[in-house]
Structures are given as C-alpha cells and as structure tokens.
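Below is a structure I'd like to ask you about.
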Amino acid sequence: MFKLLFLLAILMLSSDGAVQDFCVADLKAPESPSGYSCKSVTNVTVDDFVFSGLSAAGNTASIIKAAVTPAFAAQFPGLNGLGLSAARLDLAPGGVIPFHTHPGASEILLVVQGSITAGFVSSANSVYLKTLKKGDLMVFPQGLLHFQVSDAGYTSVGYVFFSSSNPGLQITDFALFANDLPTKLVGATTFLDEATIKKLKGVLGGTN
Amino acid sequence: MFKLLFLLAILMLSSDGAVQDFCVADLKAPESPSGYSCKSVTNVTVDDFVFSGLSAAGNTASIIKAAVTPAFAAQFPGLNGLGLSAARLDLAPGGVIPFHTHPGASEILLVVQGSITAGFVSSANSVYLKTLKKGDLMVFPQGLLHFQVSDAGYTSVGYVFFSSSNPGLQITDFALFANDLPTKLVGATTFLDEATIKKLKGVLGGTN
Amino acid sequence: MFKLLFLLAILMLSSDGAVQDFCVADLKAPESPSGYSCKSVTNVTVDDFVFSGLSAAGNTASIIKAAVTPAFAAQFPGLNGLGLSAARLDLAPGGVIPFHTHPGASEILLVVQGSITAGFVSSANSVYLKTLKKGDLMVFPQGLLHFQVSDAGYTSVGYVFFSSSNPGLQITDFALFANDLPTKLVGATTFLDEATIKKLKGVLGGTN
Amino acid sequence: MFKLLFLLAILMLSSDGAVQDFCVADLKAPESPSGYSCKSVTNVTVDDFVFSGLSAAGNTASIIKAAVTPAFAAQFPGLNGLGLSAARLDLAPGGVIPFHTHPGASEILLVVQGSITAGFVSSANSVYLKTLKKGDLMVFPQGLLHFQVSDAGYTSVGYVFFSSSNPGLQITDFALFANDLPTKLVGATTFLDEATIKKLKGVLGGTN
Amino acid sequence: MFKLLFLLAILMLSSDGAVQDFCVADLKAPESPSGYSCKSVTNVTVDDFVFSGLSAAGNTASIIKAAVTPAFAAQFPGLNGLGLSAARLDLAPGGVIPFHTHPGASEILLVVQGSITAGFVSSANSVYLKTLKKGDLMVFPQGLLHFQVSDAGYTSVGYVFFSSSNPGLQITDFALFANDLPTKLVGATTFLDEATIKKLKGVLGGTN
Amino acid sequence: MFKLLFLLAILMLSSDGAVQDFCVADLKAPESPSGYSCKSVTNVTVDDFVFSGLSAAGNTASIIKAAVTPAFAAQFPGLNGLGLSAARLDLAPGGVIPFHTHPGASEILLVVQGSITAGFVSSANSVYLKTLKKGDLMVFPQGLLHFQVSDAGYTSVGYVFFSSSNPGLQITDFALFANDLPTKLVGATTFLDEATIKKLKGVLGGTN
C-alpha cells in the first residue's frame, strides 16, 4: 500500500499543471479566435458545467408568439471551447422563429412538446420542409437559412443544439430592417419596394 | 422580369455543381477519416435530415434499468460531417448509465423527465457531480469518464448531444470484462483481484 | 557523385507513396465531408492548378446588371481540400450582388476596377458599410449577410477569395422567392405581405 | 549588392510583426481553448524548443514498478499549439502502466528497450493486443482505453508521442478510486462490490 | 407593432454578449495559438474590415526588381481568425519573387497585369510550371517551395490570397544566407561550396 | 446475470455500425483531403496498429552518410487520420539530413543514440540551433526549414514524430537541383550562379 501511494504521488505530480480538459470561460479576460480565456481550474466548480436557464419557458407574448433563450458560452461558460451550445424555443400556437442563420454552426432541433413545421433552404435553392412531432430530431446544416413554426393549435417547445459554443444568430428580418442600413440600399440589394422596407423598418425599429 | 429571370439562370448555372452544404452519409460507399461518403444530392430528401428513432422509450428491463438509443451518423445519415449527433437515455428508477467515455466528442445532457445524478472526473482527478432536474443542461468535456443515474423514485429521460457525428462510446465495464482480454492482464492493469474479474466476465460475457 | 545518387535513390524511394501535398478533385468519384476524392497523382498536371475562367467578364445584361463567376473546387479542381476558392464579380453601373451569405467561408473582396459600395451585417445587427476603390480589400466574416453595389457611373470588377474550396452561396431573395416554399410560410417567417411575396416569386420563378 | 540589401530591408520590414510560426507558452498569461498565450518572440530562445527532462529514467520503485514522465506544453512550452507532445515510460520487470485514456489525443509508442505488451480496446469492444520489441511502434487511437506492461524479465523503456500539445491523462483506477466519489455511486456505475471499492480507495487514497 | 418591438427587445437581449462573429486583432494584447486577442466589439468599426495598403505599387528598385506588400492579420486586423490574408506582388520586367514557402497556408495568385511565370515543386519533386496572363489564377499547395517571375518586357502585378490570417513567409535564400548560421553548417546541409555561401552571405547580410 | 446480459445485447446492438474509432488506410481505395479511405473494420487486426519497419538501421553508405526511413500512413496504415506519423534517422559520423521542410506538420525529434546538432530557421529569419544528446527532444514548428547533423565521432540515431499522418517531406536541394526546372529559372529564383546549379544538377540527377 505504501508503495502504491508512492506511485500515486509520482504519477499525479508528473502530470501537475499539464491538465486542461476544459476551458471554462472567464468572460472578463481577453477573447481569442478560439473563444474566451479560461477561468483558473482552481475556481472551477460543477456549477460551471450545469445550466438551469433553459428550464423555464420564454415569454411568447409578442407578435411572433415565440421566444428563443440561448445557452451559448456567454450564458453557460462551461461550454467554452467544447464545440457545443444550446437554446430553448418556446412557441405559442402559430408562433414563429423567423428565417435566420447561424453563421458558425450546424443545428439539431429536438421537439419536446407540440408540433413544429421546420424547414431550411440549401445553396442549390432546394427546400427541405417537414412537420415534426414530439421526440423528432431535425438537423439544419451550417449557415443555411431556416425557420420553425408552431402548428395551429399547438403550444410547442423545442431545444436546439449547435456544433459551436458560439454559433451566432442572424435573423434575416432584423439584419434587413432593424438597423440603419439606408432604405435605398436595402431596396437595391433585396428587390423589395421602398414602401415595404419602410413599413418593416418602422415595425422593427430600423432607421434611414 | 425577363431580365431578372435571365440573371437567375446565370447565377444558378454558374454555381451548379459547386454546392455541397451537407454530406448525407452513403453507408455503403467508402469511409474516410472525415466520415462517410456523400449520397448524391439528387437523391437527398428532407427525410435524410429528420430522425424519429428517439421518440420512443428504450427498453429499461435490464439489470441497469436503463437504455441508450443512439442517433449517430450511422443511424441518422444527415448528420454526417456536420459535427453533431444525439442519443436518448431512458432510466427506470435507480437506472444507471455506467461509467463511460466518448473518445471523439464532448456531450451536453438535457433532462426532459425525472431527476438524474450525473458526474464526470477530470484528468486532475476532480469529481464534478450534480443532481439535475427537468430542463437542466450539463456538459461533459471530451473523452472524460462520466455516468448518469436516475434518482430513487424517478423514471428519467434525457437527451444527449455530441460535438461529432460519430462520437464513439466506450463503457468501461464492457472494455474490461466483456471481451477476451486475459483475466491476468485485466488484473495487472486495474489492480482488481482475479475473483472479481472472473465474476464480472461471467456476468458480461467475457472470456479468458 | 555515385554515392550521392545512391542517397537520392534511397531517400526518394523511402518516401515513395507517402506523398500527398494536394488532392486534385476527381469530380466523378465519391465525395466526403472533407471534399472530393483525389485524382491519381500520376494524372495531375500543372493545368489542374491553373484556372483561366475568371479572365473574361461575366455577362451583366440582366436586371441586377451584374454577374458572379465562381472558381470553386467544382470548377477549379486543384483547389480541393486546400481551404481556398475564388470568384469574379462584374458589375455594370448600378449593378448589384444582392444580399447573400456563404455558409462555409469568410470572404475577401479585392476591387480591381471602378467603385463598389459593400456592406455586411453582424449577428449583433450592426452594419459595416464602406465605399471601396481600386486596390481596396474588404473582409466579410463567415456566414454573415453581405452585398456589393457598383457606384453610379462606374463599371466595377472585383475578385473575391474564400476560406474554403467549397464556400457555398445562398442569395437571400432566391432562397425566399425562387423555389416552392409556400407563400403563406414565407409570409409567416419574414413578415412580408403576400402580395410582395407573390410579386417576387413571379419575377424569380418561384411557385406555391 | 547595394540593391539586394535594399530589397532585403523592404521584404523583411514588410513582414515585420506578421510572423508567428510558433507560440511558445507563457505559463502565467491567460489560456484559451487553443492553448497557452504566447511568450513574446523577442524572449524566445532555442532552449524553448529543446527538452532534456526525458533523458533520465523515472523512478520505478512503486507497486506498479513503472513511471510516466510527461513532456506536455506545461513542461515543454515550445510545443504549445503545435499539435504534438511526448512522455517517457519506464517499466521495471513486470511494471505496468495501468488502463488509461488520453481524452484529447492519439498516441504512438516507440519501444527503445526491453519488451512491452500493449493493448487497447475499441468502442466495438475488440481487443488489440501485441508484444512489442525494441524499435517497434504501436498506435493507440484517440480516447480509447489502453495499457502497457513490461514483460517478465525485461526492464523496458518507451517513449510516447501525442497528437496534441496537451493530451490529458486519465488513469481509470485513479478516476474511480482515488477521489471523493461516494463508494455507493462507484458501485452503481461500475458493477463492482463495495468491499472491492473500499479496498482500492484505501490503497489509492480515495475517500467516501 | 408594439408587440413586435417587444419581441425584438427579447430576442436581442437574450443574445446579448453571445455574439462573436469576428475577432478583430488587438495587436497589444496576448496572442494564442489561434491568433491575436480580440478587440472589444464596441470599438470595432468598418475600417477594421477594410485595407487600402495594397492599392499602391511596392518599390521594385532592388536587385530582384520586385516587392511583396503583405496584408496579414498584423497589418489588417479584421482578418484575425478568419482563415484568410493577402499580399500584393509588384514585379518590374524580369522581376523575381525568389523561391519561398508559406509554412502555414496554401496560396492563390491572381495576375492583374503583365505576364508571370510561376512554379512550385511537390514533395515528390515534380515541377508544376506555367506562364500566366492577366486574369489567370494559380494555386500553390500549403508549405511547398514556389516562385514567381515577371516575363521579359512585362511589368506585372499580382495579388495573392492565403488560407490563414497569418501564413508566414520563408524565403529560402534569406533562411540560408541572411542570418548567422555558420557557413560550414550551411555547406554541410545544402551541398553548396563555401565560396558560394560566403558570397551570398555577403550580399544578403549574413554573418559567420 | 440474465438481465445484465440482456442489457449488454441492447447496448451493443444499439451502437452497432456507429463505431469508427480509427480509419486504417485502404491504400487502393479513393483518397480524400482527409486521408485514405478506411479498410473495413472486420478486416482490421492489431498488426494494422503495429509497425516494425523502424527497428532496423537505414543504410548510411551514401555521401550524406545518413538515411531517413518513414512510417507515414502509406507505410503504417493504422496511422491514417490520427494526426501522427514517424520516421527513423540514421546518421554515420558527420552524416547529414540536409535542409528540408514538412509542408503539413510540426516535428519532434528524439535522440536515442549519439550526438546531433539540429537547427531550424523561422519566418523572421532567426536561427534556433542546438547540440542534442541521447534522450533530448527538440521540436521543429510546422513548415520551417530545418536540418540534423551527426556530430564528429558519433554514430547517431533519432526518431521523429509528426503532427500529421502524412506530413510530406521536401528536401530543398532536391527541389532545386534534382528535377527538370531550367537552370536559368533556378538561378533567377535563388541568386545562385549557373555553374553551381549545373554542378548540383549533375550530382543530383537534375536536367535542363
């Protein structure tokens, strides 16, 4: 027994300082292209690897009757650098997650309640469209436009998982109508008429 | 309008054949280190991107009172090359997913029913242990030993998601006791006594 | 000299078969998530690494007064697996490359003639907009919506380079209006009114 | 000659500051998911790229009659970010490197003295087992359980090389028996009886 | 409209802090193996993504009658982490970019003026050589020796693009003759005679 | 026991077909940018993971008094896709591995016999030079020019390990003088005089 303890000391000592199985995000230190800086291992606890922020429903009292609650590295620091993140989708009947992309990740949707019609469009402009029930999975390849809609009569809940701890989220309507991109330029680059653009800018808070 | 259609033709034509947003697995063609060969895009349908095999509970009528149902690229070909996969965990009260690793991926667990105590051990030999409720997420960093146990009185269900379309799964007990690795060698490399090894080999079907 | 030749034989022999500096695409063999299969090295010539298809101007006689000519791995097989590709942009005065994304790559634009106003929108919905002259470079981070417009009075030419041999190209208007996605679903997921959608579907060849 | 020196000045100047061929670890600066921060190039010397710590035998006077001496980025800072690291294995006759994994790397073993029986177990539960002599190489794929044993009568020495500058090291026995994971939980997740667990916890310094 | 604005607030808020579509280099903060630290997004402007430093010709008044002007992450911080960079080549008639490699990237050359003969040599020692005209592209696979020469009578200009934001640049002659590597060692490792080495060391400023 | 066997069946069955921990090279099937196609797992044996080809000394009876014996994926198929390979260096007294690069990998050298002076040159043109004894390690960052010389009076042996299963090998002298690159072009791109080039071409078997 004495000898084995001795061995233990040797082996553990020898690997001391060499261990970085994970890199819990220190949100206040410098970021790099590979993600956030790592919190010191001595300050890491199991709570860095657990996130309860998706257990409650998001507020669907909006015109889209839906909410997205993210668990990316910024919310869930234990994910940093591990190539995974998550979000919760809540959709009231008829609720919609509008057309959007994740610039840096593919996505899997798991339907846990209700009925969701989801679709994506490929670079070749093919539409992949399906109505999903509880327990179904659907995958959305990286960077492609996709959406989710709760079917009539269903309050739906889904969880989505991404192939990056920081997948990004770009909602097409927000990118086009909720900032200061000049109306004329939006028109030229989308073929939409100015009246339509101005109306949506008005609704979404865009200017110019 | 004529001119725009003309443009469409030009743009679509020019990108013809250059499009590979995804690589749905052709399970019968050669594999490479990056995954399965791709099915021809012309044969791809939305059903390649949808998987319903996790909607039903696995059979927990075993000594571990638990079941794991995978949705890796081999079961869900649309995942191939996208850096994501999934599995469903069913645990009867007291059910156990024994200590295991995924050699090629990190994992997120989402608890959708019951109460699960989960843990992992780091290279530095620290234990990260937590009891999770419905809606909780826990992340298990790549390659580390971890387990999930359903708490007493709870029938639990979880979904796990991986940072690879082919994460692998190595259950420690199976690796040690369910194959033809000689008892003497198992003993030498685990410090377990031969009686214990032989008993577990008997239970798990190992030989030698 | 005899000895050196002898050495040469040894060293060259020893590395025989171990050489794969590149993987020129064999467009007819299976694809994998990492790209096309490799053409046999014995059939590779310098012409596999040279592409002249971007030396001529694209046809800008369309409503967008612009053309995109790609040099992706499908057109330029020597690029396969090397993490690079290219395209040529031709824009008549007022010509427009409409809002689009590249799902799998970042992009650098080099303006070689004229004056181009280019912009992209970030996930945080900030607009980055600039008028570029001959010799200017602009970078568009991976997966983000961006566009290029030739300024009034200028016939402009640009070359774009991508961080993938197969970057993909998704033009937002085509994804929304040039396929069979039902008008109602487009409306629900974009907030556009049905009349606008139907008009653009008409122009771009969409149905439903 | 004047002109060539002039050229030299231009070319060297132009690339000034752009050079980062390596990233020698600054062990006191923030870490990121990609590794340690880089020491300033002006402070880098050849000694950052040389490591003599594996030239002496490790102490094998323990119950496993073996020692592992690592040369990971923490010990050998020049490796940081280069996707390589090393360790030395010393085994007295009958010495054992117990079952373990490297969560983040594949491994090559080079036997430089003696006779080593090594093996690994795949996810499919196949055993790959071989007795190796001086000069033999064996590869252990990423994350899989493996071990090395010195054959009777041989004092053996091996060097192992990893596909990461920080491969991690998880010795199964230590993960199970050398920490505070409750005996009951170890039993539930390994099928081992409590007496066996308590005995090994006693030997290896585990509690609970 | 009120409700939609409400939604906007929810969605934008929820993703607050999770956004890192890019990582503009902060040249004064720590570097990591993945690149420079990121400048705070609040300080990023479009000018970080635009670079005009390649619009003017480099000075070709040197013995090689050529100049290379880089736009790597150190010069063009918006490229950091995006897997792309660029450089401009100016060659007077007969100008030469001597044999060199980029240790960390493949390269595409675009000829925009003149006539350039370019070539690379593979690991198998095959020569790939071609004379390129305006508008031609040529790709040089990662790490291989290559060169570019302006053909007689042509003032040539090219732009090169790399598959890394920090490709590195190693000019063979400089590595051999423009530093303090002892003449004897250069001779032993190149088969060149000492007189030749000393002459080139003299021209290029090497010592020893 | 019955139940446990039942469990085993379930778990093993469920992961059937999903297992690809490794990808042993099938040298006759198509290659992809990620490496060779995988041999069927049913045909894989432990001998695919073991290589004895480096146990014998290479023939140093040549003018460089040295030999390199590779164990890349083409020689050692089990390495395919695992990000590792190896080679053996044999050097008679005064033997030389001439200046060379590995386009696709970093390298660690382990000296197992004798005394080796090794060096590399960085992009910044700094020389990193060291005399190494038995047991010393030295790392050569990816793509940089480096060499190894056996010190006077020593017969030396080293093993090198690479961060790729297919690192490539480009010996500068062979690239310049052992192929059909025209003498005039070699002169223009290296500053060497024609007599020197022709002499080395003669020795190394180059033409033109």
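Read from first to last, the chains carry the letters A, B, C, D, E and F; within each, the first residue is number 1.
One rule holds for everything that comes next: a contact is a pair of C-beta atoms (placed from the backbone, for glycine too) under 8 Å apart; a residue touches a chain by one contact, two chains touch by 3 or more.
Computed from a predicted structure; not experimentally measured.
Here the chain-to-chain distance from chain B to chain C, counted in touching steps, is 1.
Looking at chain D and chain E, the chains that touch each of them are A, F.
Averaged C-alpha coordinates put the centre of chain A at 35 Å from the centre of chain D. Inter-chain spacing, taken between the CA centroids of chain E and chain F, is 26 Å. With each centre defined as the average position of its C-alpha atoms, the distance from chain B to chain E rounds to 42 Å. Contacts with at least two other chains are made by residues 4, 12, 15, 19, 21, 30-34, 82, 103-104, 119, 122-123, 125, 129, 141-144, 168-169, 174, 178, 191, 203-204 of chain F.
Viewed as a contact network, the protein chains fit none of the simple shapes, being neither a path, a ring, a star nor fully connected. Every pair of chains that touch is listed here: A-B, A-C, A-D, A-E, B-C, B-D, B-F, C-E, C-F, D-E, D-F, E-F.
On the side of chain F, the complex with chain D involves touching residues 4, 12, 15, 19, 21-22, 41, 45-47, 49-52, 54-56, 71, 76, 78-79, 82-84, 86, 105-108, 110, 112, 119-120, 122-125, 128-130, 132-144, 159, 161-163, 191. Of all residues in chain B, those touching chain D in their complex are 96, 98-99, 101-104, 117, 119, 121-123, 125-127, 129, 141-145, 147, 149, 168-170, 172-176, 178-181, 185, 188-193, 196, 200, 203.
Residues 1, 3-8, 10-12, 14-15, 17-21, 23, 26, 29-38, 80-81 of chain D are the ones touching chain E in the complex.
Residue ranges on chain C touching chain B, taken from their complex, read 27, 30-34, 58-59, 61-64, 66-70, 72-75, 103-104, 166, 168-169, 171, 174, 178, 202-205.
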